[in-house]
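These notes open a run of structures that come right after.
Below are two complexes that have subunit A in common, paired first with subunit B and then with subunit C.
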Partner chain A sequence: MAKIKRVRTHLDRFSLACRDCIQYYVGQRATAVNIAERTGSRIFSSGEAFFYAMGYFYRILRESFFFLLHKKSRRVLTFQILFTGVEALPVIAVISIGLGAIIIIQGVALLPQFGQGELVYPILITVITRELGPILTAFIIAARSGTAISTEIGNMVVSHEIEAYVSNGIDPISYLAVPRFLGVVFSMMLLNLYFNIFGLLGSFVVTTLITTIDFRYYVFNLMNALTAADILVSLAKSAVAGAIISVVATYYGFQVKVASTEVPVMAIKSVGRGFILIILSNAFLTVMYYLWT
Partner chain B sequence: MKFRIRFAQQVVGVFVLIALVFGVVVLVAMGANQRWFARNYEYYSIFPTGEGLSVGMSVRFKGFAIGRVTEVTLAEEDLVRVDFYVEDTYIDRILPNSVMQLVTSPIGIGGGLVFHQGIGTGEHLEEHSLIPAINSAEGQRIVAAGLATVPSAGDDITRIIAQVEPLLASVNTLLVSVDGTVNHINKALAGDQSEPLGLTLAQVNTLLEEVEATLVAARQEAVDILASVAVIAGNFEATSAELRDPTGLVPRLLDADGSITTFLNDNNALYNEVEAMLRSINATLDEVNELALFVNSTQPQIAGILEESREAIILGQDVLEGVSNAPIIRRGITPEAPQPSTFQSHRDAQF
Partner chain C sequence: MIIELQNLSFTSGGETFLQDISCRIEEGSVVLVMGPGGSGKTLLLKLMAGIVPATGGEILVDGEPLSRMSDRQILKTNLRQGFVFQDAALWQNLSLRQNLSLPVQYHFPSRSVQEINSSIDLLVRKLGFRANLELRPAHLSGGNRTTVSIMRALMLDPELCFMDEPSNGLDGATHDNLLELLKELKSGGRTLVIASHDGEIASLLADWILVLDEGRLLAFDTVQNLKHTEDERVRAILREVLDLSTTYDTDILEILGESDENPFA
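Right, the complex of A and B next:
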């Protein structure tokens, strides 16, 4: 009997050890399955969100076309240009005048030392018109108007205004998103022109306080250095950046569900994603420009 | 209500209008500067090589840029086709029998595509027509016939000469300056100047006079020194004559009857005496050596005797002390008759 008991004890221990091993193996496999599942789920959700955003962008574009045809909600568009374009003008003016003046002063001081005094004009055009002008304007508008738009729409969602529009048969995209989209795009292009006005001419006025440059000579060289391609790519960058800012801002505004605490979170997300997309689009357009010219 | 809210439409309208006006003005200015709206007339030419030709290089006529090269391509028969345009301002200059010349300079000055106008009047050459190169058969025929105004080929040389001319002028100025300096020095040397150079020359003259006086004095002293040296030389000469004299000191010393010879020829008497003395000294030194060896060998025995004697004296002293302190001994020590020792010191030994 004692021998039989000992054998049973050993068998029990062996069976317990086997059970632990099996449980450990199953647990490991479950963890691996969970990781794969989560990764796949995230990829699918990201893909879904991407296609949803593309569909949302397509809806905005389509509604914009009808908006321009029917000229409805013009007042919203006007106010959007006022808030985004006119009110951002002082900031844009200060930045562009400072940047242009620095380029002219440094260029006039340094470039003649290398026998390349005339190079200051292509540098001005490259920096003010083609590269930094659109992207700096976009950053300012994204930080200033992008947050305002996403916050405003988010608060409208929280206060059930969007539901009220829908229940009254008003499409919130065509009534809320499209005027903001068009307003930001137009404002961006106009502000880019103003950035060039202040950056190229305003900075000249500042520079004349320090150095002496003939205005006619300055404008003549500037117009020789400027090309139609520069203007086109600059406006294209502004329009793309404006579209990105407005679409991202309205998209994240509509992403707010019920709580008011979601509003600032979505506003921050809209700015972050907006900056990244602006930089990527700017780089893409710059590459396209160099391939084209 | 705020002003900009109340007049939002107007504010936005002005905002948009200013930007649009600026855009339009820039476009117009740019177009005017870059001749967007002007017409260009296109022509082409054929060259044997594309060396020195590039797209964008200007076409020049009498130093003015009248157009630009738009394309350089390799045409049939390995010839190079150059397409260029001429601005509408200069289209009247493009007459028939005109030729093109590619001017290249080995020193990089004066190169370019140059247009030489054909001689004649009338309409300009039709667009898209060929303007032959000056070194082609057609071009050479036109030049040989005098149908084109081709300036002499010395243009580059003329330009180089023009650059050399200022250099020559500078050299001339330098020569005039050198001439003036030489005249100045001549006057100074002649003593006609009271300027620094003249004064320096006068000081040099005074210095030379002082040097001359010093040399005269030194010459007198040198004569005295030479006289003393002559006396010393005379003495040396007398001594030398004495030594050379056959009846002098040296022969007397070396004479056969002289002292040295006599001393050396005594049948070894003196030598033998000296040798005997040396032998005697040598024997004495051997004995001294033997004595030293003996003393050295007996030194341990002497040391042992001295040590035993010292111990015996110490024992005797103790005995005497005990005897003197013992109360039993009353009658002292029995007197003994003295007996002389058989041992004598080395000093008393007989050799």
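Right, the complex of A and C next:
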């Protein structure tokens, strides 16, 4: 009897161990399935969001064409250019003059030591016109106008103003997003031009403080260093950055659903994503420039 | 403009807000949408107006399904209809005059400023609106904002008008003016879909009553038929909803049944 009892106890222990093993295995498998499901769902939703964003961009491009034909919301466009292009001018001027000054001081101090004093002009063109001009302008505008745009549109969503546009037969993309898109692109190109003028002239002013230099000689050397490709790539970079800032900002503004607490979250996202896309597009255009020239 | 709903439903974030709603709104009729708070009245109006896309079922506008219309077609349809929002939804960055003139200027750029201003003045007179039109919406009281929202909805002379609680916050005189304006719109053959708890609107204007509860359609019938409904739930909801109104002498109180059941008696 005692033997049978012992055998039964062993059998019970064995069955419990088997059950634990099965449970562990099933559990592990469930976890694996769960992880796979979640990863798949994330990839799927990211892909979906990407295609949605592409569709949104296409819609803005298409509506921009109609906007230029009909010119229906010129008031919004004018205000956007005023806000982005004109009001940002003092900040751009200070930064560009400062940057130009730094480059010329470093160049004048270092380059003659290697017998390459004349290289300061190509360096000025490369840094101010081709590289830092477009990217710094883009960063300033993304931080200034990008956040303003996404915050404004987000608040309009929360207060049902976007619904009011729809109910009055006014397409919010055509009326709100397109003028901002065109306004920011135009302003970016304009500000890039300002950045170049202030940066290059600012460097001349600083140069006159440390050494005597003829203005005509300075401009002549700069013009010699400047090529059409430099101007084109600089304008292309600022136009692309302007498009990125406005599309990303309006996109995240419209992503706000119901609560005002979503507005700052979307504004932060729009700046973060905007910066990344600006850097990537800048790098891409730089590579294209070197392949082209 | 005929609106037909076929098994309309709306689901978001796994929760169903409206379910299986079917009805047909005839041209020139006045439909009163009633139901307790949170029953889906505002959402139903927004779905019918094409402001929010439905997740199930179909909305036919003059026999054409809204789901098969392009965004541009929906916006064109919206031109034929006005919408009064519960919270007014005025454009905060524009003055009241700009709020009223924007839809006209956008769709009819050839219209002169004088023409637009005379349309605005006409509505201002009809509703007895007294605030300065150069102010921004933030400077107005809730009632005045609703009044401007009503005027904005009527600026394009719509065939159909959706009104979400249009009498909320209005003072007595403006309320009377609103009733007169609604009567005028009704006699002019306009279709009105009004979500309201206002007993006077119910008794003086409504041809049909649509009763919603927890996102479901409880009843859609003429006022005459609903007066004699046997459905206890419908009676209870109407009693509950009308309990919020302050009207004593209106026909709609007949819905409540015998005089001893009248909460105001």
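The criterion applied here is as follows: the second predicted complex is superposed on the first by the 279 of 293 C-alpha atoms of A that agree within 3 Å, B and C clash if a C-alpha of one lies under 4 Å from a C-alpha of the other, contacts with A are read in each partner's own complex, and residues count from 1 in each chain.
Rule of thumb we're sticking to: a residue touches a chain if its C-beta (ideal position, glycine included) is under 8 Å from a C-beta of that chain, and two chains touch if they have at least 3 such contacts.
Given the structure is predicted, the values throughout are model-derived calculations rather than measurements.
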| query | Based on the superposition on subunit A, does the combination of subunit B and subunit C result in a clash or a fit? | reply | fit
| said: Looking at A:I22 after the superposition, I want to know if it touches subunit B, subunit C, both of them or none. Which is it: first, second, both, neither? | reply: neither
| request: Have a look at where A:L110 lands relative to subunit B and subunit C in the superposition and call it first, second, both or neither. | output: neither
| field | subunit B versus subunit C, judged by how many residues of subunit A each one touches | value | B
| task | Answer with first, second, both or neither: which of subunit B and subunit C does A:G169 touch in the superposed model? | result | second
| query | Regarding the shared-chain residue A:H160, is it in contact with subunit B (first), subunit C (second), both, or neither? | reply | second
| message | On the combined arrangement from the superposition, state the nearest Cα-Cα distance between subunit B and subunit C in Å. | response | 13
| remark: subunit A contacts subunit C in the complex at 72-73, 159-161, 163-164, 166-171, 175
| task | Sort out for me which residues of subunit A touch subunit B in the complex. | result | 78-79, 81-82, 85-87, 89, 186, 190, 193-194, 196-197, 219-220, 223-224, 226-228, 231
| Interface residues, subunit B side, partner subunit A - complex | 4-5, 8-9, 11-12, 15-16, 18-19, 22-23, 26-27, 29-30, 32-34
| subunit C - residues contacting subunit A, complex | 46, 49-52, 71-72, 75-79, 81-83, 85, 87, 89-92, 102-103, 106-107, 109, 152-153, 156, 162
